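Each of the next two complexes has subunit A plus one more chain, namely subunit B in the first and subunit C in the second.
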Partner chain A sequence: MAPVQSAAAARPLPVRKTRRSWTGWGFIGPFALVFTLVFLAPIAYSVHLSLFQDRLIGGTTFVGLDNYQRALQDREFWEGVGRVGLFLVVQVPVMLGIALLVALALDSGRLYGKSFFRIAIFLPYAVPAVVAALMWGFLYGTRFGLVGDIDDALNTTLPDPLSPGLVLASIGNIVTWEFAGYNMLILYSALRVIPASLYEAAEIDGAGQLRVITAIKLPAIRGALAIATIFSIIGSFQLFNEPSILRSLAPNAITTSYTPNLYTYALSFNGQQQNYAATVAIVMGLITMVVAYVVQLRGMRKAA
Partner chain B sequence: MPITRRQALLTGAALAVSSTAGACGSSDAGSSGAEPLSDADLGAALKAGGSLTVWSWNEPLRKTVKDFMAKYPEVKVDLVNAGTNTDEYTALQNAIKAGKGVPDIAMIEYYALPQFTLAKSLTDLRELGAGKLKSAFSPGPWNAVGAGADGVYGLPLDSGPMALFYNKEVFDKHKIKVPETWEEYFAAAAKLHAADPKAYITNDTGDAGFTTSMIWQAGGRPYSVDGTKVGVDFADAGSEKFAGAWQRLIDDKLLAPVTSWSDEWYRGLGDGSIATLVIGAWMPSSLQLGVKSAAGKWRVAPMPQWEKGAGKSAENGGSSLVITEASAKKTLAYAFLRYATVGAGVQSRIDEGTFPATTEHLGSRAFQDKKVAYFGGQRINRVLAESAEQVASGWSYLPYQVYANSVFNDTVGKAYVGGRSLQEGLKSWQDASVEYGKEQGFTVQ
Partner chain C sequence: MGSPTTLTSEAAPAPQPRRTPAVPRLRTRRQHHVARPRRSVLLTALTGLVVVYSLLPLVWLVVGATKTQKGLASSFGLWFGGDFALWDNIAETFTYDDGVFTRWLLNTLLYVVLGAGGATVLAVLGGYALAKFAFPGKRAVFAVVIGAVAVPGTALAIPTFLMFSEMGLTNTPWAVIIPSLISPFGLYLMWVFASEAIPTELMEAARMDGASELRVFFQVCLPQLAPGTVTVLLFTMVHTWNNYFLPLIMIKDPDWYPLPLGLNAWNAQAATAGGRPVFHLVITGSLITILPLIAAFLLLQRYWQSGLAAGSVKE
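This part shows the complex of A and B:
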């Protein structure tokens, strides 16, 4: 009996300490477990994959950073990055501009059938991206699609929206159609929480609608705009569904390395180059992070 | 043609093999004791039963499976459509890599076989006694399933010797003669499009399988394969002959810009705006199923020739059934394979419009004399079987043809939307194929 007691008495402190730390783990545990499994583990596995090479002849070998070196010199990859970069600087401002205009129009209170417009503009977001791309693909058809019908009716020859020179713009159109409503909703909800007292003050000061927009509304939703921009940047860099679906209609205009994500897919599924695909995905992830971070910093500085 | 004669002599033996394939327990006089599996073994396996998973997107195989299960009620065959060609190969490769969900049997096209044999994912069917089936198949498909002389990795399910399918109604309307040479074909293309600007001689938006088959017929042999040594060269005479000639159709805008197998394509085949197809002998079943509205309008003629009367053709498509290395039921799987590819299963697919690879059926009166109502009662099998005999020899695909074909539109496809010629496109396809080969550890010349 005595030895047991003395042993227990000898370590009261560690026991209490252990209990305290376990309590913390109890709270954080479920989150940590899921976070590790679904977030950290896949990233770690991708990094692991990117250090190897699996060849049809010779099997799997450790190659260190060779894959990264290859990615940095990969013309196809950087052309893809350039393409989504161009897409980003053209499509995102257009889409957010439309979203902002619509949000301000809805918020102005001068629109009849406000809730109908709100739902109508948001509706495309509820259409699955695959369905949207297919639908637009049919509209773009120059033989049996809408473009073809217009040509037939008016006896014109419209440029082919799926030709190599125009297909990026056509994809931009689809993405704008899909996501303008979604961004509109983000901006609109930010507009709704502006205190009415600010508007009353503006009215007393004799400010017009334009002045209200530039002095009150826009500064108030700057944070929401920054968020919408970051989402859109990530979306642009991850462009995949639309070009992937349209590829079956325009196989010669959209290459297998058209966007970095398509390239990763092709590498991994057509070429069995999972290791290099993982490398490309990691590099692209880093680029996205850097760009999104820079935009976020800028957005915050302006807000401050 | 000594091979053909030997084939004819051995057709009888093949008949014996195929008729006993199904008979439970009967011993085959032709099988030697050295063979690992006797027909008795197969019969026992069929009797013991079990379940098999088969991956295939081939519609007619459904009938074969149904007949097989009616005959052998102990065996349950689960026919799964895991996607069409590359989709299936991707799924299969993933399953093999994961070591889980691998089917016992899969359908793989000839061009894709080397990729799987190289990775040692398939069972060498000689272990199961397939070596003696050589005489049962026509030489083209048989060569396609054997990786050189190194094994037999599948049994031919069908074959695709090429022929000219043409819409007789359109030809008659514009008084166009059925072209015997490519020159006549190109002239017909111009005449047809001039007479009806909505009509084209054929469609093409860049199709790797079509291009390689055309080069095959023109005498080009761009690929050389010797184990892990491969060569890619699209500068040979045959490739240039094809590229130069086909470029004229592209330049003159005489090809319908419609991608094969699209809805638009089927519509074009039905309404006469796509007047011909130079395609494999498996096409009749696709026409009959997919373009019902054009019944009676289409006919089949021999493939146009580069030199009048040369009598040369090539294979286009065609597929085999393989047993995966991962399968735990190889004996039973092989019993099904035999039934489906040389046994009674062949006839069930022929009835559905498939073009067989078996000498027995190709040579049979009933097959050759069959009048096909869809083709206005023409005996199309005579034309197609003749093409099977005229397939030019010496062709091989790359051991990574699936990948090569996947980047065809990135490279050669550019020629179809302007900006580069077919020859330049083929050159950059060659570069991409060489680069990939090197990356994958092949010695590329």
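This part shows the complex of A and C:
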């Protein structure tokens, strides 16, 4: 690895010889076209929807910001936001912490059977959320599931992972299981491209492993860490699949407004309130963007 | 998980008492240190805990697929029951309910080939354009795409459903395939990868020789983009193969279900009045669903890992 790295470092910076012309549009045109259809048009359409209401008398009428006012005062909605907020604050650091420690362990070169570890920890990412939730749902079962098996074998009564008090943590466990390996791989890839010359310099300066990690490795993967954090935040706010599937096992613990996404789904497909559902989705999108943006800014400030 | 201190407790270099001249000793020490550090049993064991956590549910799934519906309830989850019913279960999974599982498998393949395949083509073309051309509106394209990534996919799903519904596309395969064609992450990865992998001089040389832009792309650049393309293809494949929310909204007709939706329907069947629980088929079907993706990741490991590493060079 080392010779390749230093050769790359020695190569002069490529001169940008790109010509400004419309040719690029020929290549990005197809993407832009479909993107407009499935991203921009629905965003515009949902803003449009959020300004109207379906009324029994008079049909669809323009109501200005009434839907937004309703959303701001909607307890069910804000309880859902609070739940995913709590989820985010606990689950994302745990998951990224595991991912980071494993990535550092793999990168240290001190593990036996490194490639097995790398792929084994990544594998859950290939499992569909539906299958993951079904599997863990079975494992969580206190009567016939693994929790029940352990109770039988050890004559214990473990707390029910699907009870209202624990179900959010149980969902957090499923999400951590699914994505820790994926994030590990992103961080590990970033660690792999740190030039070996930096380590050599650190060694000459007499830096220990901990110092190498804090002074070289962590700053070098800041960008990858920021991307992983932002994607995880977006994922938390979008929480839908796992609670939606576990709902059949724990209908009392997981309500139809358990997360904002379950709520919008219930509003538009069971409640026929498409206009209000669009409003809730927009408010949630704005909250997500603001939080992601603030986290990104904080990350940048630390870097400076 | 292991704290930073456990990571470093093994790290102190053991003194190397050797009677070799100064310069070679420096070299052996450095090799020992940078390229080949000592392996650590403790660190391996700690990381092993994460491996156990990652693999345990999958072991449970494999074991569960060998059991009958009755055996599932009466035997310990992580060990084989009395009867080995794997082959029966596989046969029943494919034949139950007039072989609807086969239909779901073919649907999923259709969505993956057209959706993930198309998404990869669009991402490669778009990423190449962003990396290698200056064109009017480039900055705007970039800002809009990055901004749109932060919009929750589910926030878009409902308006997309309503739009598609008015266009008469819902309940058809197109409702799943068209939204799958866009992968902002794929575009980003391809953009970074193309910036790294294609020397602009090579393109200039080909143009000088009179090659058209299309020819430059197909004959000069595309081969260089192979590892990045494989990476994007695998990740869009996983996304499409595993997608649940989009088809849940778009598809009402079970004949057009992809596998995850079908499996969930089988699972929910036990809860409906008079429904027969088929948990052994849910479990065997789940195993069959994840095997192709795991196989793809294992077989193509070398390609996608190098593609991902190149993708993270940019700071």
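What we mean here is this: the second predicted complex is superposed on the first by the 266 of 304 C-alpha atoms of A that agree within 3 Å, B and C clash if a C-alpha of one lies under 4 Å from a C-alpha of the other, contacts with A are read in each partner's own complex, and residues count from 1 in each chain.
As a working rule, a residue touches a chain if its C-beta (ideal position, glycine included) is under 8 Å from a C-beta of that chain, and two chains touch if they have at least 3 such contacts.
Since we're looking at a predicted model, the values are computed, not measured.
Legend: residue contacts after superposition of the two complexes on their common chain; A:I57 is shown touching subunit B, with no touch to subunit C. By the document's definition of touching, neither partner reaches A:G206: not subunit B, not subunit C.
In the superposed pair of complexes, A:F144 makes contact with subunit B and with subunit C alike. Taking subunit A as the reference chain, the count of touched residues is higher for C when subunit B and subunit C are set side by side. By the touch criterion stated above, A:S163 is placed in contact with subunit B alone, subunit C being left untouched. In the superposition on chain A, contact of A:I186 is made with subunit C only, not with subunit B. Legend: residue contacts after superposition of the two complexes on their common chain; A:S248 is shown touching both subunit B and subunit C. Once the two complexes are overlaid on chain A, the subunit A residues touched by subunit B in the first and by subunit C in the second are 144, 248, 269. Residue ranges of subunit A in contact with subunit B, taken from their complex: 55-58, 141, 143-144, 163-164, 248-249, 251-253, 255-257, 266, 269-273. Across the complex, subunit A is touched by residues 86, 90, 93, 115, 118-119, 205-206, 228, 257-259, 262, 264, 267, 399-400, 402-403, 406-407, 409-410, 413-414, 416-417, 419, 436, 439-442 of subunit B.
Residues 1-2, 4-5, 7-8, 10-12, 30, 33-41, 43-44, 46-48, 50-51, 53-55, 57-58, 60-61, 64, 72-73, 76-78, 121-123, 125-126, 128-130, 132-138, 141, 144-145, 147-156, 158-163, 178-179, 181-182, 187, 199-201, 204, 213, 217, 238, 241-242, 244-245, 249, 259-261, 263-264, 267-268, 271, 279, 282-283, 286, 289-290, 293-294, 297-298, 301, 305, 308-309, 311-315 of subunit C are the ones that touch subunit A when the two sit in their complex. Subunit A makes touch with subunit C in their complex at residues 1-2, 14-28, 30-32, 34-35, 37-43, 45-46, 49, 97-98, 101-102, 104-106, 108-113, 116-117, 119-132, 134-136, 138-139, 144-146, 149, 153, 177, 180-181, 185-186, 189-190, 192-193, 196, 199-200, 203, 208-210, 213, 220, 223-224, 230, 234, 237-238, 240-241, 245, 248, 261, 264-265, 268-269, 274, 277-278, 281-282, 284-285, 288-289, 292-293.
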